[in-house]
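Presented sequentially are two complexes of chain A, the first with chain B as partner and the second with chain C.
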Partner chain A sequence: MPPLLRVSHLTKKFGGLTAVEDFNLEIKPGELVGLIGPNGAGKTTVFNMLTGINKPTAGEIIFEGKKLNDLPPYEIAHLGIARTFQNIRLFTNLTVYENVKTACHQIADYGILDSVFRTAQFRKQETAINAAALQILKLVKLYDRKDEIARNLPYGHQRRLEIARALALRPKLLLLDEPAAGMNPQESAELSEFIDWLRKDFKLTILLIEHHMDVVMNICNRVIVLNFGKTIATGSPAEVQANPAVIEAYLGDEEASA
Partner chain B sequence: MFAQLIQQIINGLSVGGIYGLASVGYSLIYSVMGFSNFAHGELTMVGAFAAFFTMVALKLPFPVSLLTAMVSSGIFAVVMEKLAYRPLRLKGAPSMYFFIAAMGVSVFLQNIALVTLGGGFRSFPQVFGIKTIKIGPVAVGLVDLIVFVISVGAVQVAQLILLRTRVGKAIRAAAYDGTTASLMGINVDRICFIVFLMAGSLAGLAGLFRGMKYTVHANMGNIILKAFICAIFGGLGSVPGALAGSLLLGVIESLVAGFISSSYRDVFAFLLLIAILLFRPRGLMGQAAEEKA
Partner chain C sequence: MILQVENLNVNYGGIHALKDVSLEVEEGEIVTIIGANGAGKSSLLKTISGIVKPSSGKIIFMGQDITRKNPDAVAALGIAHVPEGRKMFANLTVLENLEVGAFLVQGQSQVRRNLEMVYSVFPRLKERSNQLAGTLSGGEQQMLAIARGLMMRPKLLMMDEPSLGLAPVLVNAIFEKIREINREGTTVLLVEQNAHKALKIAHRAYVLETGGILISGPAAQLASNPMIQKAYLGKKVG
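Presenting the complex of A and B:
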C-alpha cells in the first residue's frame, strides 16, 4: 500500500534556530503514529508545516502523491488534513453547532448566489450539512449542548468540540496536538478509547502528539521521538520506551544533571 | 418646542444612519483585519463623487447613481485591500504597518481628488425636492426619512449576511482567529475581499447620502472620525453596536446643534468618545476583551 503521507528531509529554521532538522516520516492509511519528545522538541512545528502555517526551509511533504510545501492552509484542509491545537483554538464567539458547521461548509460547493436565492442545490446541501454537523455532535456527545456558545463549555468538552470540528472537514489525516493535555488518568483513558474508535470507525489515519505516555503506549502503532528538532528514535511503543537515547532525552543525562 | 425636539431627533436619526453605513464597514474591517482603516472615509468620498457625476454629467436617474456609488466604492475598497493591505498581510506585518499604510492611502486619495476634481463644494441636484411630510405638528424632510430607512435597511442586510450565510459564518470565524479559520478550509484572502467589498459599498451609500444632505467635496473623508467614534461607542466589531452607536451619536449631535450651538457639536462628539474610553471601553454592545489561548 502506498503511504498516505510521505515527509522527507523536512527542515525548518527560524532565523538562526533550527526547530526541526531532517525529519522523515511515512504513514500508511489507517495507521496511528505517535510523535513525542520533550517541550520545544519541534513537534508542533512539524504540525505547522504539515498544515501550511509554516513553510518548510527544506524537504518535501507529499500527501496522496501531491506536494504540499507551497500550498496555503485552506487548500491543504480541502485536500484532507485536519488538526486540533495544543491550546484549544475554537471560535469561542460562535455556538457549538456553528463551530462544527464552519468546517462542514467548506465542503459545500454552492455559490453565494445560490444562498441568496435559496436554490434547490443550496437547500439540498444545507440540509445535508446540518445533518452531518448534528451527527458529528452526537458522536462526540455534545449534541445536548449544541446551542451553547463555545466559550461556556467546560474544558474537556472544548477538547471534544475541537476534534468534532476537525472531523467535520472529513479529513483523511487527522493531526491531534496533545489532546489529553490537562486531563486526569481516567479522562485520558477515555480519550484513548475515543481516538482508537475514531481511527477504526472513520477509517482515519492519525498523527498524535502527546505527553501522556499511557495514551501513546496504548493506542499508537509506531512512535517517533524528537529532541531539539532531531529524530532520536523510531519504532514500536515498547521499543521506544526501552531506548536509552529516549530515556536520556526525557530524564536528562546523569552527568549533566549531577 | 416639542415639535422642534422631534424634528431634531429625526434629523439626528438620518445623520446617524449615514454614520452607521460608514461605521459598520469600518468596524467589520477592524474585526477581520485588526486595524483601523483610516482610508475608509475616502471611500465615502469616492461614492459621493461617483453618484454626483452619474446624475449631473450623465443625467441618469437617482437609483442608477445609488448603484454607481455602491459599486465604485466597493471596487475602490477591493483595490485598496489588494494593493495596500494584502501584501502586508501576506508578510505577516505588525498592525502598526497597516495603520501607517491606511493613513497613506487616505492622504493619497484625498489629494488625488483635490488635484483632479478641485477643492470646491458641489451640491447635489434636488432628488426629492425639499418636500416635507407632516405628521401632526412635526414636519419631516423626505430626504431624511429616505436616508434613514435605506441606511438602516442596508445595515440590516449586512447583519443578515453575517449571521445567516455561509460566507457570514466564515467571516465571523476569520474575525475571531484567521489562522484557525484557514486550517478549517476557509480562504482568508477571499474573506478579506468580501469584507472590503461589503464595507466599501456601504461606505459608497454613506457618501451619496451625505452628499445629498450637505455637499460633495474632496475632504468629506473626514467622516471617518465620526465613524470611529460610533464604532467605539457601540463596541468595536459589533454590527448592531455600530448602528446603535451611530444613531445615538447622530441624535446627540443634532440635539446639541439645535438647542445649544452647532459649533459645539463636534466638542460633544469627542467628549463622548473620551467618556466611553474612560468608563466603558468595550462600548455599548462590545464583548469584553479576553485573552486568546
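Presenting the complex of A and C:
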C-alpha cells in the first residue's frame, strides 16, 4: 500500500534557530503514529508545516501523491488533513453546537445568493450540516452540552470540542496536538479508546502528539521521538520506552519504570 | 488555619458548579484537590480568589472574611492564583511578566529582592529574562506562571494544573519545585489532574466530584484507597 503521507528531509529554521531538522516520516492509511519529545523539541512545528501554517525551509511533504509545501492551510484542509491545537482555539463566545457547525462547511457548496434567498439548495444543505454537527457531538459525548457557550466548558471538554471540529472536516489524516492535556487518567483512558475507535471505524489515519505515556503506549503503532528538532528514536512504543536516549531526554527514570 | 471554606455554593446560569464545599488549609501545608473535568476544581480556586462570586457560603483567610472581596483585594491579602494554561503576557519579556506579578509590592528594593528569590528558585528564567514570554518552551512558560505568582511573596499559592502540557521529565521537575517552594514556607493549594504525582507531594487531599467533596484525608491514605486508585490514578499505582 502506498503511504498516505510521505515527509522527507523536512527542515524548519526560524532565524538562527533550527526548530526541526531532517525530519522523515511515512504513514500508511489506517496507521496511528505517535510523535513525542520534550517541550520545545519541534513537534508542533512539524504539525504547523504539515498544515501549511509554517513553510518548510527544506524538504518535501507529499500527501496522496500531491506536494503540499506551498499550499495555503485552507487548501490542505480541503485535501483532507485536519488538526487540533495544543492551545485550544475555539470560538469562545459561540455555543458548542455552533463551533462544530462552522467546521462543517465542507458539506456546503451553496453560494451567497442561495443563502440570501434561502433557496431549496441552501435549506437542504443547512439541514445536512445541522444533522452532521449533532452526530459529531454525540460521538465526542458533548451532545448534552451543545447549547453551552464554549468558554464555559471545563478544559478537558474544550479539548473534546477541538476534536469534534477537526472531525467535522471529514479528514483522511487527523493531527492531534496533545488531546489528553488536562485530563485525568480515567479520562485519558477513555480518550485513548475513542481515538483508537476513530482510527478503526472511520478508517482514519492519525498522527498524535501526546505527553501522557499511557495513551501513547496503548494505541500507537509506531512512535517517533524528537529532541531539539532532531529525531532521536523511532520504533514500537515498547522499543522507544526502553531506549536510553529517550529515557534521558524525555521520560526520566521514574516514568520509564512505572 | 490559614484558609477555611465553609459550605460554599456557586451557580453559573443554571449550573450548580459547587455544592456545599467545605475545606481547610493549615499554614505550611500542601493541600491538593483532585477530580475529573467539570468537577468544579477551577471554579473553587476562582471563587477563593474573587473572580467568581458564590451564591452562599463563606471563605475565611487568616481570620478575615474574603467571601465577596474583589480579586485585587484578595491578592493584596496574600493569595496568589496561578491560572490553568499559564496565561502569560506573550508579548512581554520574562522580566516584565515577573514585574506584573509584583504590582502590589511596595518599593523597588522589595521588588528586586523578590526577583532574586524567584530567580534562585528558577535559574532558567534568569537566563531568559529578556526573552519574550511567548517564545519560551512549554515547561519554561509554566515556570514563569508559577514565578509570577511568587513575585508577590504570597502566604497562599494556589496553582491550577501546573503539569499541564509538560513532558514527563518536566512534570517531575515542576513538582520538585513546588515541594521546594513549600519547604521555604509558602502554603500551597494545588489543583491537579496528575493525581498520582499530586498525592505524592501533598500532605492532605480532597476529591471533588460533580461539584461536591466526595472524600478527603491524608494524601498517602487516599493514594492507597482502592476507589481513588480506580477513578483517578489509572493503573500506575502499585
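Please note the rule applied: the second predicted complex is superposed on the first by the 248 of 258 C-alpha atoms of A that agree within 3 Å, B and C clash if a C-alpha of one lies under 4 Å from a C-alpha of the other, contacts with A are read in each partner's own complex, and residues count from 1 in each chain.
What we mean here is this: contacts are C-beta pairs under 8 Å (C-beta built on N, C-alpha and C of every residue); 3 or more make two chains touch, one makes a residue touch a chain.
All figures in this text were calculated on a predicted structure; none of them were measured in a lab.
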{"item": "Touched partner set for A:P2, first chain B, second chain C, both or neither", "value": "neither"}
{"item": "Partner chain in contact with A:Q186 - chain B first, chain C second, else both or neither", "value": "second"}
{"item": "Chain B versus chain C as contact partner of A:P154, first or second or both or neither", "value": "second"}
{"item": "Partner chain in contact with A:N87 - chain B first, chain C second, else both or neither", "value": "both"}
{"item": "First (chain B), second (chain C), both or neither touched by A:A103", "value": "first"}
{"item": "Which of chain B and chain C A:L169 touches, first, second, both or neither", "value": "first"}
{"item": "Overlap of chain C and chain B interfaces on chain A (superposed complexes)", "value": "87"}
{"item": "In the complex, chain A residues that touch chain B", "value": "51-53, 72-74, 77-78, 82-83, 85, 87-94, 98, 101-103, 105-108, 112, 115, 151, 165, 169"}
{"item": "Interface residues, chain C side, partner chain A - complex", "value": "12, 34-38, 42, 84-85, 137-140, 161, 164-172, 193-196, 230-236"}
{"item": "Chain B residues within the chain A interface of the complex", "value": "165-167, 169-170, 172-173, 176-177, 179-189, 287, 290, 292-293"}
{"item": "Chain C contact footprint on chain A (complex, rising order)", "value": "36-40, 86-87, 152, 154-157, 178, 181-189, 211, 213-214, 249-252, 254-255, 258"}
